[in-house]
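Next come two complexes, and both contain chain A; in the first it sits with chain B, in the second with chain C.
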Partner chain A sequence: MKQSKFWAWVIFGLGAAYFIVPLVATFEFSLKMRRGHYSFDSYASVFSDPAFQATFGYSTLVGLFAILVGVLIVVPAVYFVRLRLPHLRPLMEFVTLLPLIIPAIVLVYGYIRLYNSSSLLPFTGSALGTDILLVFGYVTLALPYMYRAVDTGMRTIDIKTLTEAAQIMGASTATIIARIILPNILVAVLSGAFLTFAIVIGEFTIASLLNRPAFGPYLQNVGANRAYEPSALAIISFIITWGAMGMINVLGRFAPRTSARTD
Partner chain B sequence: MTEDQFLRVDALTKSFGTNQVVKGVSFGFGKGEFISLLGPSGCGKTTILRMIAGFETPTTGTIRVAGEDITHLRPNQRKLGMVFQAYALFPNLTVGDNIGFGLKVAGMGREERRARVEEMLRLIGLPGFEKRYPYEMSGGQQQRVALARAIAPKPRLLLLDEPLSALDAKIRVSLRGEIRAIQQDLGITTVFVTHDQEEAMSISDRIVVMNAGHIEQMGSAHEIYNRPQTRFVATFVGQLNTLPAATFGPDRAIRPELVSLAPRPETDMTLTGTVADVGFLGSVLRLRVDVEGAPISIDTFNGHAPPPQRGDTVTLHLARKDVLALGA
Partner chain C sequence: MTNALATALKPSRRLSLEWLGVAPFVIFAVMFLILPTLYLIGTAFIGRDGQLTLENIGGLFTGQILAAYWISIRISGASAILGALIGLAIALAIIRGRLPAPLRSAVMTFSGVASNFAGVPLAFAFISTLGRLGLVTIILKTLFDIDIYRAGFNILSFWGLTLTYLYFQIPLMVLLIAPAVDGLKKEWSEAAQTLGASTWQFWRYVGLPIIWPSFLGTLSLLFANAFGAIATAYALTGSSLNIVPILLYAQIRGDALQNPGLGAALALGMIAITAFANIVYLVISARAERWMR
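Moving on, here comes the complex of A and B:
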């Protein structure tokens, strides 16, 4: 018994080191801006950079819109497929996986060809249009995660019976989704939202090729031109992502409990 | 509108693909009646209830409530109430909000709604439970809340889809009594689906016995039990002894409680047999007696002289008028 436990710990330690060592090294390097001793100078430099604030704010805003649009598309779609067209689920699974298969660079070139300023839908003809296109691009990129989060959430509640119970009391479909379905899968939707946010914050390809002032291109730009700030930014990005994941866990505790007690 | 027209179902059929699960069912019931649809699983009783609710569309036939044809109305336009087997309370809402849901959807004001919810909670014996969540309650309590939620908006018809099946035996019996009392109190026309014949007989005004998509017999519990019109009804509802064909002719049967060890005023014939088994059920003794090779069960009240033993020869008394002729 002791033997097997020992090796389990060794494997665990190796696995943990694989993730932790580069992180610690990055963190250590980010503290070395001032020669000779550790300091948070690189962090101060990052936070005081107006471009950091502007691009971070821009990406946050785009992320929030991507979450909103994603929820409005995915929640009703999953609901109706589960309720009325369950035979379409395999197709739905496949379609939502496509963004993982098609590289973002292909997606964005497709967008530019389809929506350029001389096309029928000239999204790229204006800054606002390009922003909207960027939001839709991010909704697409986050689709596999948002779909799976929402689908898992709906699996945990009996949407058919809850829908019927609400219908017979006179509720319309919009009321049912807004008042019964969405609140019951809120934690799942929020975990999808945080994943979307994590993707949007670090995304480079689409934002760069659409030439929008997002956080991803800013990270790239700093990485190419500075020494210590990129490490500080990497750590900051990690903390943001961890924060998002942590929020998913915290929110999980507030999940509405479905009861199976029959005593 | 004549007496039996409040809920009127005519020539109702339902097919799923090539499988016809409801085969031309018609019935009519009066306002305030408690009706049970009774039958084994797969007999079409739940499908009929779901067609009345509007969750399934009939292949042919019509459904009328209070003279209005509701066959093709959407469920949320029908003004009906329903209780489900799995409670189906909204887990994100408190008990008060669950009960008030239908009222809110109907646009009732906050104060009026609160008063109605309170009234409902008193009715189901759970006053003060407004702020609880469904997961904090037992199954029996949840199902009572589901009942309150269904009747709060004063539906024209209350539909109960095996509401007691998920509960344990003791709660099942007490809750069915409560359901019946509330139903009679409010005079609400109720359709109850069950596969449990004892449940159906104990609370219904009238029972529709169904088998394989059609109606076998319709009537009061008393009629169904004492004058079953088909072999299926006779065997599905209650216990039955098949009598030896040599003496009685083919397909003759009798209820266990109509056979006794002592003569009664109405008994006019006897059978002799050997006791094969003695079962003690508390207030009742159930004997199995072998008569000409046919096993006959007898229920007799406990408390007489010591019960007969295995292997004893006994004389059974019965009345010719109690013998049931089983038809097709």
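Moving on, here comes the complex of A and C:
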């Protein structure tokens, strides 16, 4: 059995090397902008680039809207399906799996063909319409993760008892969802939100094909034209992803662990 | 009387309220998930003259397009199989290899990050590592006198792309297979040992048969994951590597195939392949779940 521990360390070491070396290499490369010695010049160059600020701001905003729309459509649907329409659950599980089956590039191709400027719903006919379409596209991409996060959150609380108690006190359904259910699954919703943000912030395919000035196409453009800035941007992106995932881990510690039912 | 009326009306009112709550989700899914996909699938069967035709589907079976599908399938297959094997090895090492407990949670957290660290930045990272001026390339050349580029390696090639894809495939495998590895109860290996089984016999007759369905299922998910990915490949190679998503991207951008119907057929082919991989996943994971109880 000593042997198995030895091999475990070997596998762990090799894996760690594969995952850490590219990060070290990227970081080292990003410091080499000034000849002769290391400097943070490439980071300064990235942060002072107006296009960086504009596209990052744009993608952040689109991400926030995608989170908002995602929460608004997923939370009530999961609530009612869990409470009163349980027979719809398999269908919902299936629909929320579809974005993993249909590649993003196929999805956006469908959008472009279906909602072009001469169609009934000309989303791509105006800049604002395309922005909205981009938000909806991101909601779709994040749907599997948002749905699972919210569904897991609702499983850990007793929505039936909470709903009945609130109804007895005279609360309307909208009040129940907004002021009873949502605060109780806040940790789950925020996990879904951070995951959505991590997926959306550097997304390339949909933003690029809808021609929006987002962070993903900006990254690609810098990669094609600059030498040292791309590695600085890769490090920045890694830190952002790390931040979003770290938040989910931190939030997980605050998740309610008490539950009336265990199903 | 009014009370009776109210109770009589109540169920139907509540029913409509339920549907009102589910309606935004349903409308959204139909408009931005189902309709666009069905529309594309329909377009694949309509010719330039507006008539139903199989011409577009037939158009897929030409040199460049078949080659693109073949490269895509090979890259997705290689990165899925290698990712699954290495991911399983890492999961076994951290969960059953009696490594210190903090190491395990560190690996799981890192896997969550790395499985989401895809797209354009990942391409940058690998260019800085294994590109012509990458750190590893240069260290190998100066310290060990090994010129990997002269030896035929290229980050813009099949193996370059596969090696890059592994950076998100392995962590995804670790995340997805960990519950199955956890499900291998300690008592089982103890029971096997008591009965005189060797380590090899335990894995051959107990461990692997239990992990196998989860392994195959996750493998197909990894395949679909790589097959639809475009950003990493595009940022690494521009449009020089002829894989299906890049071909479709060029078609959407500038009608590279000079036929919108053919573009739709290309998309249909992608859906068919990823759907097949995912159906395999669903069927196998449903069977695997029986073991997890």
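In this text, the second predicted complex is superposed on the first by the 248 of 263 C-alpha atoms of A that agree within 3 Å, B and C clash if a C-alpha of one lies under 4 Å from a C-alpha of the other, contacts with A are read in each partner's own complex, and residues count from 1 in each chain.
Rule of thumb we're sticking to: a residue touches a chain if its C-beta (ideal position, glycine included) is under 8 Å from a C-beta of that chain, and two chains touch if they have at least 3 such contacts.
The model shown is predicted, which means the values in this text are computed figures rather than measured ones.
Once chain A of one complex is fitted onto chain A of the other, the partner contacts of A:Phe194 are absent, as it touches neither chain B nor chain C. Residue contacts after overlaying the shared chain place A:Asn184 against chain B, while chain C stays out of touching range. Comparing chain C and chain B on the residues of chain A they touch gives the larger count to C.
When the two complexes are overlaid on their common chain A, residue A:Pro230 makes contact with chain C while staying clear of chain B.
Of the two partner chains, chain C is the only one that A:Gly216 touches; chain B does not reach it. Look at A:Phe56: by the touch rule set out above, it reaches neither chain B nor chain C.
In the superposition on chain A, A:Met245 makes contact with chain C only, not with chain B. By the touch criterion defined above, A:Tyr43 lies against neither chain B nor chain C after alignment on the C-alpha atoms of chain A.
On the chain A side of its complex with chain C, the touching residues are 4-5, 7-9, 11-12, 15, 18-19, 21-26, 28-30, 72-74, 76-77, 79-81, 83-85, 88, 92, 95, 97-114, 136-137, 139-140, 143, 173, 177, 195, 198-199, 202-205, 209, 216, 219-220, 223-224, 230-231, 233-234, 237-238, 241-242, 244-246, 248-249. Per the touch definition, chain C reaches chain A in the complex via residues 14, 17-18, 21-22, 24-26, 28-29, 31-37, 39-40, 43, 86, 89-90, 92-94, 96-99, 103, 107, 109-110, 112-114, 116-117, 119-129, 133-136, 166-167, 170-171, 199, 221, 224-225, 227-231, 234-235, 238, 245, 248-249, 252-253, 260, 263-264, 267, 270-271, 274-275, 278, 282.
Residues of chain A touching chain B in their complex: 157-158, 161-162, 164-172, 175, 180, 183-184, 256-259, 261-263. Chain B makes touch with chain A in their complex at residues 53-55, 74-82, 84, 86-92, 101-102, 105-106, 133-135, 137-140, 142, 149-150, 153, 159, 166-168.
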